[in-house]
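In the part that follows, the structures are each spelled out as structure tokens.
Two complexes, one shared chain (chain A), two partners (chain B, chain C).
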Partner chain A sequence: MSADFWLGVGVTAGVYGIFVLGLQINVGFTGLLNLGQAGFMGIGAYAMGMLVTNAGWSIWAAMPAAVLIAVAAGLLVGLPSLRLRSDYFAIATIAFAEIVRDTFQNAAFAGGNQGIIGYDQEWRDTASWLLRQLAHIGLGGDTQLPLFIVVWLCFGLCLAGLKFLQASPWGRVLRAIREDEDAAAALGKNVLAYKLQSLAIAAALAAVAGFFLALNVTYLYPSEFDPTFTFLGYAVLVLGGFASYGGVAIGSVLLWSVMEGLRFLHLPLSTGQLGSLRFVLIGLILILLSMLRPQGLLGRKAEMQLR
Partner chain B sequence: MRRSDSSLGRGGDAPPFASALWRRTPPIAWLAIALVLIGLMLTAVVGPTAAGQATLNGLVGAGYFALGAVGLTLVYGVLRLVNFAHGDMLTFGTYVTLGVTALGVPFWPSAAVGMIVTALLAILLDRVIWEPMRRARTSTLQLFLVATGLALVLRYSVQFFAGSQVRTVGLDTTSSLNFGPWHLGTLQLDVMLVGLATILLTGAGLRYTRLGKEMRAVADNIALAEVTGIDTRRTIRATWLVAGGLAALAGILYAASIGTINPNFGFTILLSLFAAAVLGGIGNAYGALAGGVVIGLSQEWSTLFFNTRWKPAIGFAILILTLLLMPRGIFGRKKARL
Partner chain C sequence: MSSSKTSADPILVIEGLQKSFGGLRAVAGAGLSVRRGSLTALIGPNGAGKTTLFDLVTGFARPDRGTIRFDGRAIAGLPPHRVARLGLVRTFQLTRVFAAMTVLENMMLAPPGQPGESLLGLMAQGGARRRIEAMVRGRAFALLKHFNLEEKSQDYAGTLSGGQRKLLELARALMTSPQMVLLDEPMAGVNRVLGRRLLDYVEELRRSESVTFLFVEHDMDVVMSRADRVIVMAEGTVIAAGSPDLVRNDPRVIDAYLGRTH
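== the complex of A and B ==
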């Protein structure tokens, strides 16, 4: 097995890591059951792709603009739906994500089933420059290395930012809302505003994860953003543990090592069956962990509240 | 009417007749009137041929949406969660049915086997997973995660054994009948008749049988049902039995009316089932049946104006609008936040 293969797994784990950091701030720290994360990711990735290919923007300008668009989508979705009960909020967000995917598939502007391609030239130039620099220190051989480094660097930055926010008074209010919304409101906190901010941050993180997904697969296609992505995100969340940002990295690496490592067991199965088996395994992990160790492998039980 | 008359006689401030009528008319009658009015308006706009055809097609879909949604809404009462694995019960039942037909058994008897096996699976899952979780009073988050995990296990187990490719149901999908300017596939007619008959049967069973009343009571408020002396354990098991069997039937009807399926189809229509259940007021079984009819009709009516590709999006749009404008649904009662 080549190093490039495991670097590829590492890139996937990093993309999921950034994606799940957003779920963590919603689920683990605010108590919001956000099932629309794949929709925000799709909006971010498609916005970037279309700004580059249709509007001729530089990818470096398109990225922050796409983050803003995803944040706007988060606010737009959150403003009406955050007033709903938690299970209704969950349904509303997954419906939103499906509408987004349906739109990408059917609307003329999004390229339909052909998807979007050809937005990553500037990134590839940068990546080959990075590869040349890495060659100087003897790390030049692996083509996936630049993306791997950038993804995990970005994960680290997001992690540090979130940890800083969590330690701030703002983060304490979020947790107060998770524990008892009415008590937080009674203390004069604008609960809806805090929840909106939490959802907006999650949407921004989803958009960033979407950029790296787009750079990794080199084309955008509606089915990349189906709800399964969000559900796998929840599997990462359970593995890493609730209310722990650091746990997200461990959960993501663990999940993807197991998922991709399965192929080295040389089971007497077809490729399709192996693919199915991976998802059965994830399903079983979700069921067993939630029943036996609901706080996740590394989470703390005291930090699990959701209404 | 007689009872209201006598109360009018005793009370001094008699409400005007019109408002009494307004309050006495059940919501389902208003819904029926609204649907007929929309149907007439469509007839005026696009002509009777197109409107009638879309309505016929819509009634075919009404069957599987209603039967899928009624199980979802009854189970909501047991779990206090919209069951994300419900769509994959449709898939499971349909693939069991196809597996039995592959042995040479005719389609509809195989469908009966599929329904029974799915109902038994639903009871088994309650024993192994949901009952322990109910006893442990687990959080919404845990229930959601387990339901999601179960959905993945069911869907990909089916895919593991049956493959992910699109399968034909193996029925004659070409023969069709003409009713004046309208036409309908023979199979679609079967689906429509079986679907509508089962809706009526389910509605009557919930309304008039003791078990049906107990199931509605449990779905509405499990603690209150227990206090009134209902054997909730038995009722919950019966609820899973009905929900599982109807889910399988819904999947089978879907497969028969479309002609081809893949292992993702149950999950794909799950959101439309959510839409039907929420539209009818979640936890309200009649509401889910009526909601399913509304979803079936509106998806087909939408094709009169939009490309067919947008059909599923109509279900999502109805879901979101219902959640935002009247989260208790058409039939939901006013009650405190749960």
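== the complex of A and C ==
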């Protein structure tokens, strides 16, 4: 049970955390059932990878550009589909995410089944430098440590930004739309514009999560962005709690500790069986939670139940 | 003050308004005008098209034909938020408070064009934003006090009683500093004491802030004693309009709505 293993789990939890912050602003604070978050993540990650490998950009320039591309995708998807009723919006977003994935799978420009590799040299240089600095203060040795630190630092920054937004009059309008969009419109709020902004922010967060996923696994491949990623994101959301940004961190760490920690129990099971068992376990936890604490660990019961 | 702003001038003028839902003609060529500064009642039997008319005026439904002019501007077909920003706000027949937000947040949400409501405004105008937020908070507290809801300011709106929700909805509409408010059955589901208080507020605001009110109401005693003008709808059209006394004795109104015993 090496430290590097758990640092790796921490990186995955951090990537999901950033990803689910985006779901939280949509689901918990705007009332938008976005099931296409993995699609935005794929667009962000692939845009970064392609800008570096195909266009020869520096990864540090490619990242902000890829965020903007994901935001543009969010606006493009939102403009027609946000006019749909909420359940149809959910269907439209999952369709979008599948279109993205199938396109990566089949388009030559995205590497097709080969995927994309070789975009992370600059990051590796930076990580080595960071490792050397960490060694000076006695934290050397764990190769996952730099990514772990950067991922959770980034999570913290996103969390702070979102909390600021949520406490502002802007966030107040979002929650009003979640509660009753007709009443919000009757008070002069442009509901569509706010939903678009919420979706664009979620897409940006998905893109950032995608960068860290790309740096973690060191290659981009279409199946990394299949709908399961979004669904596991919802499991994190439910665990951590509805309408709580802080809960996202706890939910993600909990989910991934259970998912990855199960292998240390030395159960007499094959790898495949163990892989299935962890989903059974997560399912059980979710069922228990919905019975005992439906608002999630840090969620607000009143915000879920009051009508 | 220009001549168009005198109290006898209409603030809302509707002509030839039509709206069908499938085969049902909910509003079938309705025309009416509401005087600036008046407290006008809109009455009529169920299914007369009153709520649809409200929906058409406030942008929640698009008219098939006809014109709606508010304060001299054609507003038919504008989306709801644009209509609201012109100073024409509504309440709903089934009260709509933001249940999982506090009473104070419900109030502070309402004023349009707050700088902190836009992402750009949040980035740019720190000082002005905080100043306006403080102003909005002050006004919200003043109105809540006026409506006897001050002690509830930190409670979730979803915990209020039906009557308190009606008060909050009205107070919230007033936070937008409207020129005109449409009230869809403001007294439905409210006990008589609270209902009377609500109408007292309405009359007072009409006097002090010269807000125009158009309200749907079924209680004829309330309509006749409070409204200074009554508009009667039946089967999608306006069949009479005038002073309460005039309308009360109109044979068409008696026939369609009030009944002969009245």
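Note that in this section the second predicted complex is superposed on the first by the 293 of 307 C-alpha atoms of A that agree within 3 Å, B and C clash if a C-alpha of one lies under 4 Å from a C-alpha of the other, contacts with A are read in each partner's own complex, and residues count from 1 in each chain.
As a working rule, contacts are C-beta pairs under 8 Å (C-beta built on N, C-alpha and C of every residue); 3 or more make two chains touch, one makes a residue touch a chain.
Remember, predicted model here, so these are calculated numbers, not experimental data.
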{"item": "Partner chain in contact with A:D102 - chain B first, chain C second, else both or neither", "value": "first"}
{"item": "First (chain B), second (chain C), both or neither touched by A:I94", "value": "first"}
{"item": "First (chain B), second (chain C), both or neither touched by A:L277", "value": "first"}
{"item": "First, second, both or neither for A:D4, with chain B first and chain C second", "value": "neither"}
{"item": "First, second, both or neither for A:I287, with chain B first and chain C second", "value": "first"}
{"item": "First, second, both or neither for A:F231, with chain B first and chain C second", "value": "first"}
{"item": "Comparison of chain B and chain C by chain A residues contacted", "value": "B"}
{"item": "Chain B versus chain C as contact partner of A:A176, first or second or both or neither", "value": "second"}
{"item": "Touching partner for A:D142 - first (chain B), second (chain C), both, neither", "value": "neither"}
{"item": "Residues of chain A contacting chain B in one complex and chain C in the other", "value": "304, 306-307"}
{"item": "Parts of chain C lying in touch with chain A, wherever the complex brings them together", "value": "58-60, 79-81, 84-85, 89-90, 92, 96-101, 105, 108-110, 112-119, 121-122, 129, 133, 156-159, 172-173, 176"}
{"item": "Partner chain A, residues of chain B touching it in the complex", "value": "81-82, 129, 132-133, 138-142, 144-146, 148-157, 159-160, 163-164, 271, 274-275, 278, 307, 309-310, 312-313, 316-317, 319-320, 323-324, 327, 337-338"}
{"item": "Of all residues in chain A, those that touch chain C in their complex", "value": "164-165, 168-170, 172-173, 175-176, 178-180, 182-191, 197, 300, 302-304, 306-307"}
{"item": "For the chain A and chain B complex, residues of the former touching the latter", "value": "27, 33, 80-81, 84-88, 90-92, 94-96, 98-99, 102-103, 105-106, 231, 234-235, 238, 272-273, 275-280, 282-287, 289-291, 294, 304-307"}
